[in-house]
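Both of the next two complexes hold chain A, though its partner changes from chain B to chain C.
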Partner chain A sequence: MANKDLLLSLEDLKTHFFSENGLVKAVDGVTFDIERGESVGVVGESGCGKSVTSLSIMQLIRRPRGDIVGGKILFNPEDGSSIDITKLSPGGRQMRSIRGNQISMIFQEPMTSLNPVYTIGNQIMEAVMLHQRSTKKQAKERAVEMLTKVGIPAPLQRVDEYPHQFSGGMRQRAMIAMALSCDPEFLIADEPTTALDVTIEAQILRLMKDIQQDFGVSIMIITHDLGVIAEMAQRVNVMYTGKIVEQAVTDDIYHNAKHPYTQGLLQSIPTIGRKQRLTPIRGSVPNLLTLPSNVCYFAPRCPHAMEICSKQEPPLYEIDEGHTCKCWLYEGSKEVSA
Partner chain B sequence: MLSYVIRRCLIMIPTLVVISMIAFGVIDLPPGDYLTSYIVQLESQGAQVTEEQVESLKRRYALDQPLPLRYVNWIWRIIRYQDFGQSWNWNRPVAGLLAERLPFTIAISLTTLIFTYAAAIPIGIYSAVKQYSWGDYLFTTIGFLGLAIPNFLLALVLMFIFYRYFGVSIGGLFSPEYRDAAWSFAKFWDMMSHLWVPIIVIGTAGTAGLIRTMRAVMLDELSKDYVQTARAKGLKEIRVILKHAARVAINPIISLVGWTLPQIISGEAIVAVVLNLPTTGPLLLQALLTQDMYLAGSFIFILSALTVIGTLLSDILLAWIDPRIRYDKEA
Partner chain C sequence: MSDMSDSQVILDIRGLKKYFPIKKGIFRTTAGWVRAVDGVDFFIREGETLGVVGESGCGKTTTGRCVIRLLDPTEGTVNFRKDGTMVNLADMTRKQMKEIRREIQIIFQDPFSSLDPRMSVLDIIREPLRVHDIGRRKQHIERVGELLERVGLRAYQMDRYPHEFSGGQRQRIGIARALALDPEVLICDEPVSALDVSVQAQVLNLLSDLQEEFHLTYMFIAHDLSVVEHISDRVMVMYLGKAVEMANSTELYKNPKHPYSEALMMAIPIADPRLQTKREPLGGNVPDPANPPEGCNFNTRCPYVQDICYKEEPPLAETAEGSDHFVACHFAADLSLAGWESRRSTDESA
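Moving on, here comes the complex of A and B:
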């Protein structure tokens, strides 16, 4: 192991779906690291493979429709072991003992991601009792404690309430309480605030930051919103059509974006006081079913497209230390083996 | 919850009143007077009907009075004396006939209902979880066949096959030697060995329909986010399916109980005629044919009332198991 601070590293991860219309390479050779205690953002438009990446880490890709077909997901929990998650059976005991315990996840839609017929407490207790082998009483105490920590008022009373008695923001707080109830080392947040009002979004982001401090948990935050990334993440991976096109620390992404796609994303954010018109990225995300191989997939939408872009796939260039970009514009920089 | 149950019970009363009016209306529908047909029947058998007898019958059934008054009279006698009137055809009180036949109808209906749900829910879950598998296709095919074949035909085919190839007569609820015997364990066992035929015959269509519903609802639930949340907790897949998805999927199925019950009771009537079962069905049919109107009206009333009660029970059950149903005004 090169780095003892490395919590999780994806190495050339490939997750494909076998649809009736053909092969969909939803995640196609993704490589990135997450260090202990770090927040990493994954950003991109819908359908670029962000969520599939997170479901792959959880081994929640539904077979036989999709499967991890290549690469590694190395997970190095605190006990010093190193596990390649892709080698584990998705329904097996070891994977289940990681899921919800060492790695947990919160989802996009707080309105639908809680089971409507069980109380909030019951749903938190379920994970606690499963992984911590605690009694019902201990689990309930833990549930109340977690609800208190995520800022739910009157937790003793609300622990016995049902999801429909909670507002959207409260439900997302409850989801966070549930995800953190077993003290995980790694939390995946898949568009955690997309479905919420802006004011609630700010509260939830604030809560997640506080919680990261308190629990020392590493967070991978998936979003299409660069504003959320700026708030939350130290490093960013920009994804496009199942591949990472740019990796950098958050500051560099904002002030020194290299990839035309990242630049396009930044130019399409409305900001107050802005004088120029918003420039959206022209076109839309291509259909993953009909992608040609060995080209730059962004070329058809790229303002800087060159002849080579539609002939050969660009390699990953190192622009700066910790800043890589997959684009022919930087030909001549040092190539990074992916 | 308690106030919800009480409120629902109170709402049931007007429903039952309307049902009793319709049932009584059915009694009064045929032209002529029941007494005339009764007297004609008696006289055709050579009996002499005296003027006093006619008068006393008229007074007893209040036939000299207008319809609304007669209705009140009928209801009053039912409530006060459990007297549902007299069956002309059998020349016995309707109450006695009801007591004889109704338990079998209730027993067959309830066991059919239990069979229907016990078979349909697991099969529906299996079909949804293993969508498009061989098992799913097999159950889907059986299900559609079950829906398409009329009950009485299924009964006839079963009877034919069993008689032809096994030499067993599967009609009735009892073997001949037990038919008039007193209740004993042996008689009960004999009944159970006959009971499965009507249960399967009456239950097949309902089971098939419920399998389809359960499969559809379950597929819907399995694709919902909370199922993914449950998986992300590290639960075993079987627990994810049963504790989370199936638990939610079962709610609409339970609300169908009230809708399945009348189907079973009316389906039972025809099958009972074919299989010669000692239930209310054949008696009701006969009563309608011979214009034995107190009998027919009382059967219709009692069966409808039972269905209303069944519906109420299923609603209460649903309110009890589904926390989203608001039965408190302030909720």
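Moving on, here comes the complex of A and C:
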């Protein structure tokens, strides 16, 4: 444990799936850190491995179809211990005491991630009673308290209602209440606002920011939406086909992007007030089943592709302090050992 | 609105309503009505793009479907300019409507469910030609090849099936099918929402190119405010089954006149950390369209609400003669609302 403020570090994480049609390297050598109290964004298009990264941290990869095949996930909770999550059995006692307790997660679709036959209160109480060993009465008090904190009106009455009686935004608030009910140190939000309307999305993002301050929880936010990341994250990891291609503080990602993929993404999205023709990235996201090895996967779509790009995988270069980029264009910069 | 005389208007919609019954009990009796579209007035000029934005349940998709009569309007007129004269599509028989569909076509949101998986691309794209009895197979193959090349695919791909294509390519197939009959108007219902960001830009550029080349008129329905601003000449904002504002897109985003449009401008997730809003987001939820509030629909959430807003419903009116800026708010002239540009100054607070 080098850094006292380090909450979680992924070291060369590899999560692969063994499908009928072949091997899918969904996450293929991902390395990044999350500090205590920080909010980190992971952004990328479909199939880039952003959700599989979060499921790996939670040990929710379903075996035998998929598995963490390499790397480490070091979790350093406040009690001073250091745990490599990849070494834990997914169903074991230690993992179960971390999952939903010290690390919790909110998902994209609040309707499918809530159980329709239990009341909202019961679902929050379940986690509290399991992890905090509290009585039913205490757990219910906690549920009401949490619903109040996430801004649900009339919590005493709403606690006994079912998910279908909640609107989409309210369900996402309830999910957040549930995720925070055991005072986690780390919260993973996987596309938390994708299913919501824009005014409701603004409410939820505001709530998550407030919560981060009030609870001092670290947040990893996963999304395809560059607008949401700009609003929420202090540092950003850009992923493409199972690898991180660029890593920097948020302002640098948006105003000083180095990787051609990041640049391409930013040029593809319409900017209000600038009615120019968009500059799309050519082609589409490749099929993970048919990827060659040891090349840059972005090369076929890259406007700056060189000969070397389709022959050898680029290393990670440090361009500035805290700004890394996996691209041959920066050959000569300091290489970072993964 | 003073636009019947405007010779450029190709579609003029007045008082459009679409109510869906709520069925209850074993006899399926009608217990109430969902007012999906509840009196919408708007017009589209030839060759322009009218963007339609609003949150889920505001009636934007239902409005689009009523225009092309995939749904029958409960009330109202849908005037379409055909050969120089206005005809009301709402009164047309199925047979008459079939003729009109040569002129008005639609592109759907989901490129996965809007293409029949058991039909080849050739059969998908030539189906409109067959329905309208235009040409034989040989001509169809030629036309489909031409269309495929035009939307950025290859003619030899016409024997393939939808599952062999990516989402963006499937959306191109949907566009080719819509263009098969050389229509004048395309209704685009969330055409890029299901696509990855990098592919979305390709399809938006394609739509712009096609518009220029074939002099198409677009009604572009979407919930993404940045996309709508980018592609539209004018924008209509809908809320709970009604049009609350309609204006030139640059003007509307800079100087919104309706409190709901202002709230949208503050809520857009802008991909720039230097343009984040400091304001409190709009609270509350969209009311139930089966039971909308009295007076102005927005009175349950409006930060500027006054007594009159609970009593009288404001009509959609032009802010000044010839301004081409329409708004439905009692206080449109009095309020000074902020556009998206106010987010530039970082020291701004509520």
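Everything below uses one rule, namely that the second predicted complex is superposed on the first by the 337 of 338 C-alpha atoms of A that agree within 3 Å, B and C clash if a C-alpha of one lies under 4 Å from a C-alpha of the other, contacts with A are read in each partner's own complex, and residues count from 1 in each chain.
Please note the rule applied: contacts are C-beta pairs under 8 Å (C-beta built on N, C-alpha and C of every residue); 3 or more make two chains touch, one makes a residue touch a chain.
This is a predicted model, so every value here is computed, not measured.
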Worksheet item: Is the arrangement of chain B and chain C around the shared chain A a clash or a fit after superposition?
Response: fit
Discussion item. Let me test your reading of the model: by the given contact rule, A:272 touches which partner, first (chain B), second (chain C), both or neither?
Written reply: second
Fill in: chain B versus chain C as contact partner of A:175, first or second or both or neither
first
Item to complete: Identify the partner contact of A:285: answer first if only chain B is touched, second if only chain C is, both if each is, neither if none is.
Response: second
Item to complete: Could you look at A:89 and tell me whether it touches chain B, chain C, both or neither (first, second, both, neither)?
Response: neither
Worksheet entry | Dominant toucher of chain A (residue count), chain B or chain C | C
Worksheet item: In the superposed arrangement, which partner chain does A:101 touch: chain B (first), chain C (second), both, or neither?
Response: first
Fill in: Touching partner for A:157 - first (chain B), second (chain C), both, neither
neither
Discussion item. Can you work out, in whole Å, how close the C-alpha atoms of chain B and chain C get once everything is superposed?
Written reply: 8
Response to the item:
chain A residues contacting chain B in one complex and chain C in the other none
Worksheet entry | Sites on chain A touched by chain C in the complex | 45-46, 167, 169-170, 197-203, 205-206, 224-231, 250-251, 254-255, 264-273, 275, 277-282, 284-285, 301
Worksheet entry | Residues on chain B engaged by chain A in the complex (per definition of touch) | 224-226, 228-237, 244, 247-248, 251, 321-324
Worksheet entry | chain A residues touching chain B - in the complex, by the definition given at the top | 58, 60, 91, 95-101, 104-105, 107-109, 112-119, 123, 126-127, 130-131, 162, 164, 175, 178
Worksheet item: chain A touches which residues of chain C in the complex?
Response: 55-56, 166-169, 196-202, 204-205, 208, 223, 225-227, 229-231, 250, 253-254, 263-264, 266-277, 280-283, 285-286, 340-341
